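Several structures are given next for inspection.
First chain A sits with chain B, and in the next complex the same chain sits with chain C.
Take a look at the complex of A and B:
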């Protein structure tokens, strides 16, 4: 009796947790002009309307390009840093790791304001370099953290074996370390890409009239109008995110990928 | 300096430079800004003044803003704990095979942008939404308004913070031990007594970690209060945005940011104290 009640409670809470995401999907097929549940009929008109919104398509393209650039830049900078942190014992090593991951501990609204003020002075507001730098503020900590965790779980003996057989350090890195790191690298790419693609608070402060990202465009749309159009975009985003996670899972296995 | 250290520094340099440019310098600048003067148009005049802080301390609006933000964040934290605890307990007791699947299901909303999830709550709580139509179906002529007010913000944020809370709770449930519960039950304790005297005390580390996480995220949240509050709910983060983007009063925005950081610090300190007390 008490157990059944507990299970009902758990089920109710799970429904509460998943309801907003799950309800958005049928909503996107609504035939109504406004947000109403249940919809009076179903249609694909909001998917058609979504394609008509020029601003959204451009914002989606911007977000995609931005996330790709941010992922590449983050990887290029985080990889050497993670290597240094994992492989060399030097004074202040822990302090440096703490400093590099510190932005994750602070509220994004504060980080966003701090960037806005600096970017105004530097003329970076609403520019591509500005957005890339701003996103790296939050992606670099993830990159350094996930890559150094992934490095620390590699078996050191394999590298030592290669080195003892006469391989120079650069070959050891290229032929042994890097291939072993592929799961960690794929995971880092996926995490950094999604963090950048989803970033909204910092972007809201940094974007300009000529350069808007998809989350910012959606935020502004929801702020001014409530119709099922955003549900259509949201459904596509959910499918897109799911695809990335599934690819990640297929490629390396989720548990292995996040370094367990 | 040995070669290895120099190489390590060279490898770290790009990351440190980016950190300096987008983190250390902007944050330092932000801290100083609240002590600068600004003209009515928003231009900074330099100098050092306590004028912004004095104005904020003298204005009851800001005192209420801080008090409201903290109160709302605390209620959200408590409600998130209540909603997440049964799920976490259930997952913790589930056999290994199903455990991972359940954890993935609970964490999956984190992969969906806060804008989309907040929009989902508009679908549910809006005037023509799911809850309103159910209430109408039950015969209520005028269902209460659940969006563009504090109710909506609280409901939306509780759901958005639940995955964090569930993860923190499960991480802190290590001391939970089925044999202790069985022992208490076999000695005649009723289920609720077992829960209150055995389960809750043993899961306190998880409860505190989850509450810390939920509180700091709630008190600094922006997207959900802005969208579900519809401009009628004033919290610290929404006020920082308005001051920075709409009013262009950067010293006030900077000062409010420091207030948020101080609240973070106090929460962390309390967490440290309480953790030591129960350890």
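Take a look at the complex of A and C:
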């Protein structure tokens, strides 16, 4: 009885969380001129129309490149930071961890305004370096958090065993620490990539006429038009996101099952 | 002790303020000797082992191996094989990969490594399991992999941290003899950490009993068991009866209602008297001058198959007697009056 109730509750919660996403999919196949539920007929015309939208395609490419650059740069900084935080009990360790987490707690709109003010002076508005920097402000805390959590679950004695067997610190890292961190690294990449790819609030303030990201382009599109084209784009985004998650899950799972 | 293989000189480890985890620990271990570090949980055994292996920095003192000071040498230069309490196998490598790791670090040839790995796995009876992952092995098998991995590099010193504590009782006894055999055959100087006195007595050439970071007694299993230096050691290395009393000018000890004599003489004053339960007998007639005796009433008799334990109330002093069981002998009844007797040489007295 209690169990049945629990299942009903879980199902209700899933519907509540996923319904908006699932609604978008049938809507993307609408034959109507405006977003309306239920569609009066179905067609693929909005997918065709999407391909005609030059601005959106350009923005999608920008977002993809940006997310890749941000992921790489975040990893390059978060990895040593997480190692230092996990391994060394240095003075100010807690302060640094708190500082790195702070952007997660601040209202994003405040961050965006602050960045706008700074970037105007520095000439970074509407530039690639500006966007990368702004996104990293949000992705770094995620990166450091996820990586240091994955490091803290790694037993120190395994590395000590390697050292006692004659491995100098560099070999311990290459042969033991790094391979054991792969699942954490993959998870970090996935999260950071998606956070950057999805970022809209800060991007809205930072993008320029020559450089627009996909979420911003979509946001502007729905401001002026209400046709089901955005539903088609959204459906593709859902599929793309799911694909990333699935591929990475497979990659980690496979590595664990097969690889050295 | 100039030919000692491993020497600890006034070794100390502090973690922040408070009493040190290991204090002024001095030991000399001979080449090929198996030395046990025995003590209750938290007495500093692991910390001592970690300092020897270079995994923890000593805050004072020195560590010498074959006369060379290695106190500040990093672990990868110490050439010591360590078996960790949780085995610490590499989960991302198979069994052969785990065992080969130390040889690869020593830049040995592929052929050489393959041959040595095979021999090491055979030595611990794991032939044919080289391609298994650690998590596909039982606790006992993982323990053997850890041992093979530590031994295959032919380290100058082998350090074992409670390697048997995660195994069930039967396997633990098997592994005891196996580890001891391998250690003897290879003649490798070994430190064996354990909190299990039976394990220490059964396996070690000598035992260092530790208490709260300090060395309490160093000696052979026989010394430790028969001539404990302190009540702590006597209590820790086996079950024991304990009475508090006082020694008079004649050397007689008055412990409550009992008048006893002890193995060794001592000055007058407060003493603690201790006797092992199996050295006490329910007396028939063999009472002589070299015996202590006491009259009492059986309060409880516990039969556990091979051993019968009786708690005897000797006018307020509770003494436990243990004897092996025989099918012909009846189990004493509670409330039965008995005479207890034990040898003066089995009566340990410690000045309080």
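Assorted remarks:
Keep in mind that, in the parts below, the second predicted complex is superposed on the first by the 235 of 260 C-alpha atoms of A that agree within 3 Å, B and C clash if a C-alpha of one lies under 4 Å from a C-alpha of the other, contacts with A are read in each partner's own complex, and residues count from 1 in each chain.
Definition applied: a contact is a pair of C-beta atoms (placed from the backbone, for glycine too) under 8 Å apart; a residue touches a chain by one contact, two chains touch by 3 or more.
Everything numeric in this text was worked out from a predicted model, so none of it was measured.
In the three-chain model built by superposing on chain A, chain B fits alongside chain C with no clash.
Once chain A of one complex is fitted onto chain A of the other, the partner contacts of A:241 are limited to chain B, with no touch recorded for chain C. With chain A as the common frame, chain A serves as the apex of an angle whose CA-centre rays point to chain B and chain C; its value is 100 degrees, to a multiple of 10.
Residue contacts after overlaying the shared chain place A:219 against chain B, while chain C stays out of touching range.
By the document's definition of touching, of the two partners only chain B reaches A:231; chain C does not. Touch criterion met: A:136 reaches chain B, while chain C stays clear of it. In the superposed pair of complexes, A:161 makes contact with chain C only, with no contact to chain B. Among chain B and chain C, the chain that touches a larger number of residues in chain A is B. Residue contacts after overlaying the shared chain place A:125 against neither chain B nor chain C.
In the superposed pair of complexes, A:146 makes contact with neither chain B nor chain C. Once the two complexes are overlaid on the shared chain, A:67 sits clear of chain B and of chain C alike. Of the two partner chains placed by the overlay, neither chain B nor chain C lies in contact with A:187.
Between chain B and chain C, the shortest distance over C-alpha atoms in the superposed arrangement works out to 13 Å. Of all residues in chain B, those touching chain A in their complex are 4-5, 7-9, 11-12, 14-16, 18-19, 21-27, 29-30, 33, 83-84, 86-87, 90, 100, 104-106, 108-109, 111-124, 126, 128-130, 133, 156, 159, 162-163, 191, 216, 220, 222-223, 226-227, 237, 240-241, 244-245, 250, 253-254, 257, 260-261, 264.
Residues 2, 6-7, 9-10, 13-14, 16-21, 23-24, 27, 34-38, 76-78, 80-81, 83-85, 87-88, 90-91, 96, 99-100, 102-103, 106-111, 113-118, 133-134, 136-137, 140, 144, 194, 198, 200-201, 204-205, 215, 218-219, 222-223, 226, 230-231, 234, 237-238, 241-242, 245, 254-255 of chain A touch chain B in their complex.
By the touch criterion given at the top, residues 53-55, 74-76, 78-82, 84, 86, 88-93, 97, 101-102, 105-106, 149-150, 153 of chain C touch chain A in their complex. Per the touch definition, chain A reaches chain C in the complex via residues 155, 157-158, 160-169, 171-172, 175-176, 179-180, 259-260.
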